[in-house]
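Going in written order, the chains are labelled A, B and C, and every chain counts its residues from 1.
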Amino acid sequence: MNSTLNLLIGMAMGLNLLALGGSRVPQVIRAVAVQGIVLGVLPLLLEHDFGWLVALVAVITVMVKGFLIPGLLNRAMRAAKIEREIDPFIGFVPSLLLGAGGTIAAVAGARMLPLLPEHAGTLLVPGALASIFTGFILLIGRAKAISQVCGYLILENGIYLFGLLLIRSTPLLVESGILLDLTVGVFVIGIIVDRIQRAFDSLDTRKLTVLRE
Amino acid sequence: MRELLLIIVPLAGAALAVLWPSERTRPWLMPAVGVVHTALALWLLFSPPQVDPGAWFGFDPIARAVLPAVSILFLACAAYGVSYLRIRTERPNRVFVASLLAILGLLSAGHQARHLGMLWITTEAVTLTAVPLLHFNGTSRAFEATWKYLLVGGTGIALSLLGSFCLGYASVRGGGSGDLTFVALMAQGHLLSRPWVLIAWVFLLVGYGTKMGLAPMHTWKPDAYGEAPSIVGAMLAGGVTTVAFTAVLRVRSVINAAGAGAAADLTLLAIGLFSMLVAVLFLLGTRDFKRMLAYSSVEHMGILVIGAALGPAGMWAAFFHVWSNSLTKGALFLSAGNIRRAAGARTVDEVRGMSSVTPQSAAIFVAGMFAVTACPPFGPFFSELLVVRAAVATGHVGAAAMFLGCLLFAFFGLTRLVFAVVDGKPRPGEGAEGKRIREKAGVIIPPLVLMGISLWLGLATPHALQAAWTDAVHQLFPAP
Amino acid sequence: MTFILETLLRLAAWLLAAPLLPGIINKVKAWIAGRRGPPVLQLYYDLARLWGKGVVMSTLASPGFIVGPAVAWVALVGAALIMPLGGAGGALSFRGDVLLLVYLLALARFCTAWAALETGSAFEGMGAAREVSYAVLSEVALITAVLSLSVQTGNVTLTDMLALSVGSGAVLLAAGLFAVLLAENCRVPFDDPNTHLELTMIHEAMILDHSGPPLAVILHGASLKLLLFAVLLSQVVLPLGRLSPLAAAGALVGTVLGVTVAIGLVESLTARFAFRRVPLLLTAAFLLCLFALLLARKGGVG
């Protein structure tokens, strides 16, 4: 079971790097969507007793992370006629190298942390740390608002991955509430992206420079 | 039950505001809810209820020590808001009123949250509810400010969730059952896994510190405060930051129980001094008097966490400072809003001589400036004095010296701007050719009342409040 | 005596089989595009034709113009002799021969670039500069791949390193090496062997001024290099050491053919990358090999 889990998390980590190296917005959105689907399946692997609640959480996560939000992003792109080329502050090769370095550091660093025996052999913590780091690189290193949103999504995926450590011990209620809140937050960010477009005629956060000090 | 009413009444008011048909009478819902809320909060302050230790929400001593200040601030803002929205009839106010009321309910929930997850959920909800408020003016500048707020705030809130997970894992790793109430976490004490506790502290401090606006996570603050209506600025500076501060305090008590209190205090002291330093540097440079208030807020958040780092006496001073800062900052924001509307501009290059255009607002603005820079008869003077005393008593003489130095330079920065705005001859063509503008009572009385309470807090701090702060300190530093 | 015989046999096999691969690739491309395409043996005819022609030499060029391709070809043949073939092992096998392999490949590249610079032509200089700057990145990836193989097996002899597959890292390593193969042999996402526009050429630009037998040697060397990489890639993936010699030989030939067809498919289905994106792809190849290395290391420790 652990090997399937690690394979999926390894895939998610690979998708992180794909998102960092992707030079077109739809490519990055696709990477994020696939990552969402991969992560959504994980609770099914972690739970021993296959309850309907776990299944529901998994289905909702896959729907939201894998289809709904990427769909909204794609729609925002079409509606706003955003150019597909990403222009980075941090170039593709440096961000890819940074991401790879972060991934290696996450794998090495996670060994130093004390984990419960059932989590010790898994890539949950390294995967979470690597995704969070990737999310930050995208948030900082990309000029377009929509690619920053993708970065935020990857950051959020990393946090979700970390939350899976607790899925057995804390009430599922809290988890789903948290999930809902996060996705609502992203939803609102999506709306904002849509409206920023109308106010600025382009989705370039470099133009957001009137207010500075 | 009364404590839950604090949450339910504003949320019901928000729902009502959404359904309310009339644009003209809708704003009156705000003071109506504000009066009920303040009455409830003061009643609870004087006769605190019994708190069930395992409850997820409860009016515990920390909520009792802080929440009434938010309640009073909201009442003043609500009263001001009625007059304000009458001036701004060109903007639809349905979303604005509903969001402001919802924020009050969520702030009440956040102050009373005794569960790590609930605390996070309410903070997240507050963050999202503030978005339409910030964007009320609908200009592209307001948009820019909202985007920055959401991006920085959203990242901060994500990190605080990560921190909450880490703390939860520390508990589970230490044999906990997954009960994430602060009481249960503190009871676990040294059993909490120490590396995870320290990681959790870093993420939670960064996350909730972003909401507080501690440097270097303060970047959203000047833009948001500069572009939002004054009421929103006052509520953000006095209410939202306070809930983030109580969050930091509750987390700190768990960290303390886990035996890492010294490390936590050291980080708080460092980040507090750094915030003050950054705020002062920007205060000396900025030319915009609404952004000035934002930097002043960053400075006062620094003072709060410095107080929290200095043991029980400092913590007591921090609670005192929450009150004096919230109310004084509220008065400043509201009077600054009046001046800005009369002048139609916000920088010292464009605005001067406001003492002859809006004499009453200008007077309150100057008085508020003296209060917020800790001049004697007002509340902030005494609370900051207590912080310095606590610093010296705990042996942090260097920190105390730096603290005083920052206060001095903040004084320079604020007086420079405030007198540039107030003094001199009005520019021609500004505010009806420099003639006096009639200032309505609705926009003068609320800030005046807030200043009055700030003065009263300084001259004669009520015993009930002092007792509430002492109780809260006992909750945060339980006797071994 | 048998040693010499065996070496000669191997040599003949390598030299004769190599020009087959470009033919197969072209056939696959033609098939995808719905054309008949040139015959599979086209390169043999071309080589024979070129061999019979004379040499045109620039008055500016030194003998390096001729010597370069010759040395490069010899280096590649040497590399081919080191490369083990399934259970049969290499013709020459000693401790550390993998280093010699890497150096021989580098020597071949150096000599081709040297010969290109001899003409003093702007295009050839440009082609050489591009070839060498890509090589900087792809060599790093290749060396990382070799490192991960040697860490995995704890060995620095090619025969032993390639005997077993790398386990879980094999997929990563195969993907990385495939990208290196495409870059080193100037195949499509990096370079277009069919291009006729000097400005966009890389490898082809270097050999514009060569003619007759030296050109034949260069072309043959290029096909040899392609075969070399295909064989290396196949042996990284396949656990040939576990199979009987006959089955191993069959599997090896099959996989090399598979790789060749895959190259043809890639060439038909993808467009060439812009120059500025090439470093990104090569960095990705390097990272794939690096992760394989880390997996190998972790597997070795734990």
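Everything that follows uses one rule, which is that a residue touches a chain if its C-beta (ideal position, glycine included) is under 8 Å from a C-beta of that chain, and two chains touch if they have at least 3 such contacts.
Note that the structure is predicted; figures quoted are calculated from it, not measured.
*Asks:* Quick check of your reading of the touch definition: is the inter-chain graph here a line, ring, star, complete or other?
*Replies:* line
*Asks:* Just list the two chains that share the greatest number of C-beta contact pairs.
*Replies:* Here the largest contact count links A-B.
*Asks:* Please report how many Å separate the Cα centroid of subunit A from that of subunit C, as a whole number.
*Replies:* Measuring from centre to centre gives 38 Å for this pair.
*Asks:* Could you state the distance in Å from the CA-based centre of subunit A to that of subunit B?
*Replies:* About 31 Å separates the centre of subunit A from that of subunit B.
*Asks:* Can you give the whole-Å distance between the Cα centres of subunit B and subunit C?
*Replies:* From the centre of subunit B to the centre of subunit C is 67 Å.
*Asks:* Residues of subunit B that contact two or more other chains, please.
*Replies:* Touching at least two other chains: none.
*Asks:* Could you please specify the touching residues of subunit B with respect to subunit A in the complex?
*Replies:* Within the complex, subunit B contacts subunit A at residues 117, 120-121, 124-125, 127-128, 131, 140-141, 143-148, 150-151, 154-155, 157-158, 161-162, 165-166, 168-169, 172-173, 176-178, 180, 193, 195-196, 199, 222-223, 226-227, 282, 285-286, 291.
*Asks:* Residue numbers of subunit C touching subunit A in their complex, please.
*Replies:* 277, 279-280, 283-284, 287, 290-291, 294
*Asks:* Could you list, by residue number, the parts of subunit A that touch subunit B in their complex?
*Replies:* Of all residues in subunit A, those touching subunit B are 112-116, 132, 139, 145, 148, 152, 155-156, 159, 162-163, 165-166, 169-171, 174, 177-178, 181-182, 184-185, 188-189, 192, 195-196, 199-200, 205, 208, 210-211, 213.
*Asks:* Can you check the complex and tell me which residues of subunit A touch subunit C?
*Replies:* Contact set of subunit A toward subunit C: 17, 21, 23, 92-93, 96-97, 100, 104, 107.
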